[in-house]
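Below, chain A partners chain B and then partners chain C, in two separate complexes.
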Partner chain A sequence: MQFQKPAGPNPTDRQRVLGKPTPRIDGPAKTTGTATYAYEFNDVAPNLAYGYILGAGVAKGRITSMDVAAAKKSAGVLDVVTYKNAGEVKNSDFNTAPLLAGPDVTHYHQAVAMVVAETFEQARAAASLIKVGYQKADGAYELAERKDSASVPKDDADTRTGDYETAFANAPVKVDVTYTTPAHAHAMMEPHATIALWEDGNLTLWSANQMIEWGKQSVATALGLDPSKVRMISPYIGGGFGGKLFIRADAVLAAIGARLTGRPVKVALQRPLVFNNTVHRPATIQRITLGAGEEGKLLAIGHENWSGNLEGGDAEQSPAATRPSYAAANRLAVTKLAVLDLPEGNAMRAPGDAPGSMTIEAAMDELAHELGLDPIELRAINDTQVHPESGKPFSRRKLMDCYREGASRFGWSKRSMEPGKVRDGDEWVGMGVASAIRGAPVMTSAARVSLRGDGSVLVETDMTDIGTGSYTILGQTAAEMLGVPLERVEVRLGDSNFPVSAGSGGQWGATSSTSGVYAACNQLRTAIANAVGVDANAATFADGRVSAGGEAFDLTEAGALTETGEVTFGGRGDEHEYFTFGAHFVELGVNAYTAEIRLRRMLAVCDAGRIFNPTSAKNQVMGGMTMGAGAALLEELVVDPRYGFFANHDLAQYEVPVHADIPQQEVIFLDGEDPLASPMKGSGVGELGICGPSAAIANAVFNATGIRVRDYPITMEKLLPRMPTV
Partner chain B sequence: MPTNLTFDVSRRELLIGSASAALIAGLGGWSADAAPPQRDGSVRLTVNGEERTLELDNRTSLLDALREHMHLTGTKKGCDHGQCGACTVMVNGERINSCLTLAVMHDGDEVTTIEGLGTPDDPHAMQAAFVKHDGYQCGYCTPGQICSAVAMLDEIEAGMPSHVTPDLTARPQASEAEIKERMSGNICRCAAYPNILAAITEVEGARA
Partner chain C sequence: MKSFTYERPDSPEAAVKAYQRARGARYIAGGTNLLDLMKLEIERPAHLIDVNRIGLKKIEETDEGGLRIGALVTNTALAGDERVRRDYGVLTRAIVAGATGQLRNKATTGGNLLQQTRCPYFYDTNMPCNRREAGSGCAALEGHSRMLAVVGTTDACIAQNPSDMNVAMRVLDAEVEVLGPKGARSIPIEAFHLLPDEEPPVKEFALRPGELITAVTLPPPVGGKHVYRKVRDRASYAFAVVSVAAILQEDGTGRVALGGVAPKPWRRPEADAALPKGSKAVADVLFADARPTDDNAFKLPLAERAIAAVLADAQR
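On to the complex of A and B.
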């Protein structure tokens, strides 16, 4: 089906299963250790061999010698994969840096070799015997030093509305501030991992991957295979956050190692390799300029962003957070990209929007303070129901409703307008807010839905569940559409033999994949009605029965039926802009003596139309809030400019939030539906939670202490010299 | 490693330079041309109530013995360095990072993994509470969180204090602060932390 017109009444309106807080159907497997992740398919072959990857010891240069003799003689070793014996490894459009180095090295810890051995211990020991000689080349690693060399990427032309320069120059009240955000790591709990098995020229990969079809196509491109020869399977994925959108060295090297040795090979990236071998969210420098009238009406908004990447890589699109945000007649958005020789920068949860919201939403707080306005009032004055650039209405924008609901629940009225005034024991206490604004994109998505002879339902699609709750919402969709209990629906995901779905990324997965199942179920409803001989348009599906015109049949009477359906959104988007909105509230304490920051409360009020499963959606938003807290207070990939790598490349040194860091979190969804967004009348929320909480924390730190830190993360050494006198 | 070296270059430069292999090979006592010889050992474990005898490369961690040799893959490898907690199992009733200990060190020990706590049809109270409270997302840290939580409540019950215990002479209580502190060795990057806390709190309440 093509989704072109606003959704009218449809079977999802019943909301008997959809929209109800529902425990995940994959929960029993995940909590008992019976959910199987990529590295764990030990039963697929009796003779699995182990791969162990060696990363490059230089950031840029050339391999001048590669001595694998000792490694090959080491106990248990079957072979050593290097660029010399791997054959051609092509780069697909989804990868910037080659997944196997040689002879050129383009980033630190780029794979230079993989030992294949009978056991993990043997492979690891042998990898330490490989002698690699390098000719080092000079590289550029620090964004600040390369900022002036940055240019506008070809796909990222400046956007301008009105006369920004004049309006900003003449504005009565101005904020002109530069923020920095460091590089961030996805740091998902499951390292990238793959098992590769060749059978008669066909390659099967069990691989941790968010996007099955992209992964399959990329592997085929890399190895010069017809895509029909490649199968990718990924039923459970131990977190992705964008880090598993594209294949990485584990997938390609497992396949090559298996081809060279004639054995199936399993490979996981060792944790200290993950941070430099794979991808990260690039660091940014962001200049925000806000020009306003005395009453707070914005006259000019400017957002200029600098980031770096390898030659051919993409820019971090931080102005994406500002462009749809607030009304102002005169606007400028600039994205500039410098060439750096760090590892590849790529998408991490809410790319662009997350780091962009860390700055625009803090700068708005700065403007509110300048104006003596409540920061929520400043947002209200500048709220808009049309996109400030295109002038098209948003399909649904309830931003100020989110703020009103949140302010009431959070007790916002208790906030001191003057910073550094509230003391509780040893702590200065502050509150902050920030908007959550995130695009609601959609992608074509297909699914196959079968009614089985016993009246149960099977859903199959290559959609992935990276912790997002896909299994459950797809099951709920089929249950609602076909009138069966959720327990009667089996959902199978993450296999390229299934119809191609939207995959998991960019907050598009939930909307698109449920809409694909909706499309297939609509076809199946017709097929069922035809099978039992009732009018499909008049048929009602409920309680395992189909009824129409006074007749009712058990679904088992329809016999076994299968339909494959697909949703496309080709007609959507012409008249409206599609976004999701929310408001983040934070209260925290800053120790008056040590400047240690402790979060006290976090609240997000979000709106995305219908929420398919409030249980997993809340969890998604909470996860974003916590990742945002990490970005505000802890997380920073530290560049060693001497050697061109991220020095803190493990989970002890790259600090992500732990239990003790996170306070009570509350997530509220506004009631309502968005029939313009999808046939499901709602959008995904997977990235909404991380847009705004970091700025809300920064703003709360300012409210507590009067100190504005513009270089994230906000750590105690940046506060201590400026703390209020006690 | 020898201890009488004088480094006139940084250790990192030494290791990455093209001549590094020769330099390292010249250092007494350790050769870059061969790995230390493999030695195998025998270990007898009771895993989830079942006695197992394994012949293992001595370098095999308890984690890899479980995952790769017994195919008990419920226990996860997140970092292999004791930094994430995904590999938490119980050895003789106490929680332990199974990646930080060699299997051959556990001869005669009793190991309980997530598979030993319960099954989908007959879950442990903690497993059921995690499902009820949505105490996970991707599920990869979950077995470690659950094993850690079960053992952690035993630690509180046994009177073991923590960093946040207000009074070291009084019995520790299973307060929110105590639970969060004691669970902080188990990272959840999806960050289901409030839901995990709710699950543990419910189980603790039922025990009390």
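On to the complex of A and C.
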């Protein structure tokens, strides 16, 4: 079906199953250890061999020698994969850095070899025996050093509205600040992992991957296979955050190792390899300029962003956060990219918007302070119902409703307008706010829905559940559409043999994939009505029965039926802009002695139209807020420019927040629907939560101490020199 | 990980004999540190002697009125012991400030004394590290050294001792009992952890080959207020940026040791003596010979402020 906007009345309006807080239907399997993750399909073949990847010991250069003789002779070893015996490995469109090095090395810990052995321990032991000689080359690793060499990437344009330069120059009140954000690691629980099996020239991969169709196509490209020969299976994924959008070395090397040895091969990246072998959110330098009138009306907004990547890689699009944010007639958005020889930079949860919100939302707080305005009032003055660049109306924008609801719930009125004034025991206490704004894109998505002879329902789509709750909302959608209890719906995901879905990324997954199931269910409703001989247009589906014109039939009377449906969204963006909104509130304490920052409370009030499952949606927003807290206070991939690598490449050194860091965390959703967004009348919130909380924390630190730290993360040594003596 | 052989003796004496028989042997208890190091090819023992069944799991009162803690008493059991909580509160507070409940359940008293550094370059075998490979250099000296030591270091090594327990043991004047091929002896805690020489190799512990830690003894309780203040980026499950262990008496005298700032728990008798004069006087003594990096110079004012917090806390 082609989505026709706005969505009219439809069966999802009943909200008997959809919209109800629902525990995830895959929860029991996960908590009892029966949900099978990529590395755990041990019964798919009787003779699994193990791969162990050796990462490059230099960041840039050339392999001059590689001695694998000792490794090959080591106990249990079947073969050693290197560029010399791997055959051609092409880069797919989704990969910048080659997944197998040789002879060139383009980043630290790039895979240079993989040992295949009978056991994991044998493979690991043999990998340590491989001797690699390198000719090191000079590389560029520090964004600040390369900033002046950066240029506007070919696909990006500086965007200008009005006369930014004049308006900013003449503005009565100005903020002109430069912030930096460091590189971030996805730091998902499950490392990248794959099992590869060849059967009669057909390759099956059980692989942790967010985008099954992209993954399948990429593997085919990498190995020069017809895509029809590749099957990718990924029913459960232990976190992705963008780090599993595209195939990585595990998938390609498992396939090559299996081909060379004639054995199915399983590979997981060892944790210290994940940080430099895969991808990360690139570091940024961001200059924000805000020009305002004395009353707070914005006259000019500028957002210039610098990031780096390998040659051919993409820029981090931080100005994305500013484009839809606040009204101002005169605007500048610039994205510049420098070439760096670090590992590949790529998408991480809310790419662009997350680091962009860390700066624009902090700069707005700086402006509010300059103006002597409440920062919520400054947002209200500059709120807009039309996109400031395109001029198109937002399909739905309830940003200020979120602020009002949040302010009331949080007790915002108790915030001191003057910073550094509230002391509680050993802590300076402060509050901060920031807006959450994140695009609500959609993608074509298909699903196959079957009514089985016993009246139960089966949903099949290659959609993935990366911990987000996809299983549950797809089941809820089918249950609502077909009038059966959720327990009567089985959902099967993550298999390229199923219809191609939107996949999980960019917070498009929830609304796109449920709309695909909606489309298939609509077709199935017609098929069921026809089967029992009632008018499909008049039929209602409830309590496991279909009824029309005074007649009612049990669904079992329709027999077994299957329909494959697909939703497309062509033209959706022609007249409206699609975004989700929210407001973050933070209260924290800064220790007067040590400058340790300890969060006290976090609250997010969000709006995305209909919320399909308040339980999993809340879980998603909380996860985003938690990552945002990490970005504000803890997370930094530390570049050692002498060696060209991220030095803190394990979870003991790359600290992410733990429960003790956030004692109280709440998420509230506004009621309402967005019929322009999708037939489901709502949008996903998987990335909304990470947009804004870091700035809200930075703003609360300022409110507590009067100290503005513009280089994230805000760690104690950045506050200490400016803290009052004790 | 290199292949290794394994045995599990049933007494301390048998364990020491096993060590003498084998080549390249290491004792293993909780394994919370050694196993990680083996997986990363940092430690490559040929033979593991599992000491988990040799006894040494009791906490007993000594004739002098102190406590004798068996080397295999877990961190959880030690922190929870009623006598420790009552008379040596700084030890309980230090232990529970470290790691996680799961790790403390496995980690032992003897093992914690031998906890390895958390220097990032020690953990990456592509990098120079004198502690891991004598003569290869120290990549940390001009590298990412935010968490590393600021005092007691040399150009050979600036790694820090990351243990919380050790800092409390130092302030309590613990003694480490060991059994080796040449018999038993006792090593004062201040002599147990070594500072690096100017030139590698980097010596870490005062243990002689084959010596097994059998117990840690604590002198009779000294009273006073026991404080352990751990300053860290993350509220839990994080190594100390700096930590302060202190025992403070009502007359203003006391003892103080720092963690996270040196290759060993850092204490100076002159610093103890300076306690009545306040945090600056104490820090000045403790850091008289400090040689921080640009990355970690903030630890000096931070430690002084943390000492001030402890002193203020003690007066409440």
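The definition used in the following text is that the second predicted complex is superposed on the first by the 724 of 726 C-alpha atoms of A that agree within 3 Å, B and C clash if a C-alpha of one lies under 4 Å from a C-alpha of the other, contacts with A are read in each partner's own complex, and residues count from 1 in each chain.
By our rule, contacts are C-beta pairs under 8 Å (C-beta built on N, C-alpha and C of every residue); 3 or more make two chains touch, one makes a residue touch a chain.
For clarity, every value in this text was computed on a predicted model and none was experimentally measured.
Novice: Kindly classify A:238 by the partners it touches after superposition: chain B alone (first), chain C alone (second), both, or neither?
Specialist: Touch status of A:238: first partner only.
Novice: Tell me which partner A:596 touches in the superposition: chain B (first), chain C (second), both or neither.
Specialist: second
Novice: Check the residue A:33 against both partner chains and state whether it touches chain B (first), chain C (second), both, or neither.
Specialist: first
Novice: Look at A:652 in the shared chain and tell me whether it touches chain B only, chain C only, both, or neither; answer first, second, both or neither.
Specialist: both
Novice: Which partner, chain B or chain C, touches the larger number of chain A residues?
Specialist: The larger set of chain A residues in touch belongs to B.
Novice: Give one of first, second, both or neither to describe whether A:24 is in contact with chain B, with chain C, with both, or with none.
Specialist: So A:24 only meets chain B here.
Novice: Check the residue A:57 against both partner chains and state whether it touches chain B (first), chain C (second), both, or neither.
Specialist: Touch partners of A:57: chain B and chain C.
Novice: So, does A:426 touch the first partner chain B, the second partner chain C, both, or neither?
Specialist: In the superposition, A:426 contacts chain C only.
Novice: Please work out whether A:580 is in contact with chain B alone, chain C alone, both, or neither, and reply first, second, both or neither.
Specialist: neither
Novice: Using the touch definition from the top, say if A:726 reaches chain B (first), chain C (second), both or neither.
Specialist: Second partner only, chain C.
Novice: In the superposed arrangement, what residues of chain A touch both chain B and chain C?
Specialist: 57-58, 75, 121, 125, 128, 270, 272, 643, 650, 652, 657-661
Novice: Quick one: which bits of chain C touch chain A in the complex? Just the residue numbers, please.
Specialist: So the residues of chain C touching chain A come out as 1-3, 39-41, 118, 120-121, 123-124, 126-127, 139, 142-144, 146-147, 231-239, 241, 298, 301-302, 305-306, 308-309, 312.
Novice: Any idea which chain A residues touch chain B in the complex?
Specialist: 23-24, 26-37, 39-40, 42-43, 57-58, 64-65, 67, 70, 73-76, 119-122, 125-126, 128-129, 131, 133-135, 186-191, 236-241, 268, 270-272, 466-469, 615-616, 618-620, 622-623, 625-627, 643, 650-652, 656-662, 664-665
Novice: Quick check on the complex: what are the chain A residues that touch chain C?
Specialist: It comes out as residues 57-58, 75, 121, 124-125, 128, 270, 272, 426, 591, 593-596, 598, 633-634, 638, 640, 642-643, 647-650, 652-653, 655, 657-661, 715-717, 720-721, 726.
Novice: Which residues of chain B touch chain A in their complex?
Specialist: Touching chain A from chain B are residues 12, 15-16, 18, 21, 32-38, 57, 59-60, 64, 67-68, 71-81, 83-84, 86, 113-115, 117-120, 123, 127-128, 130-132, 134, 136-143, 146, 179-181, 183-197.
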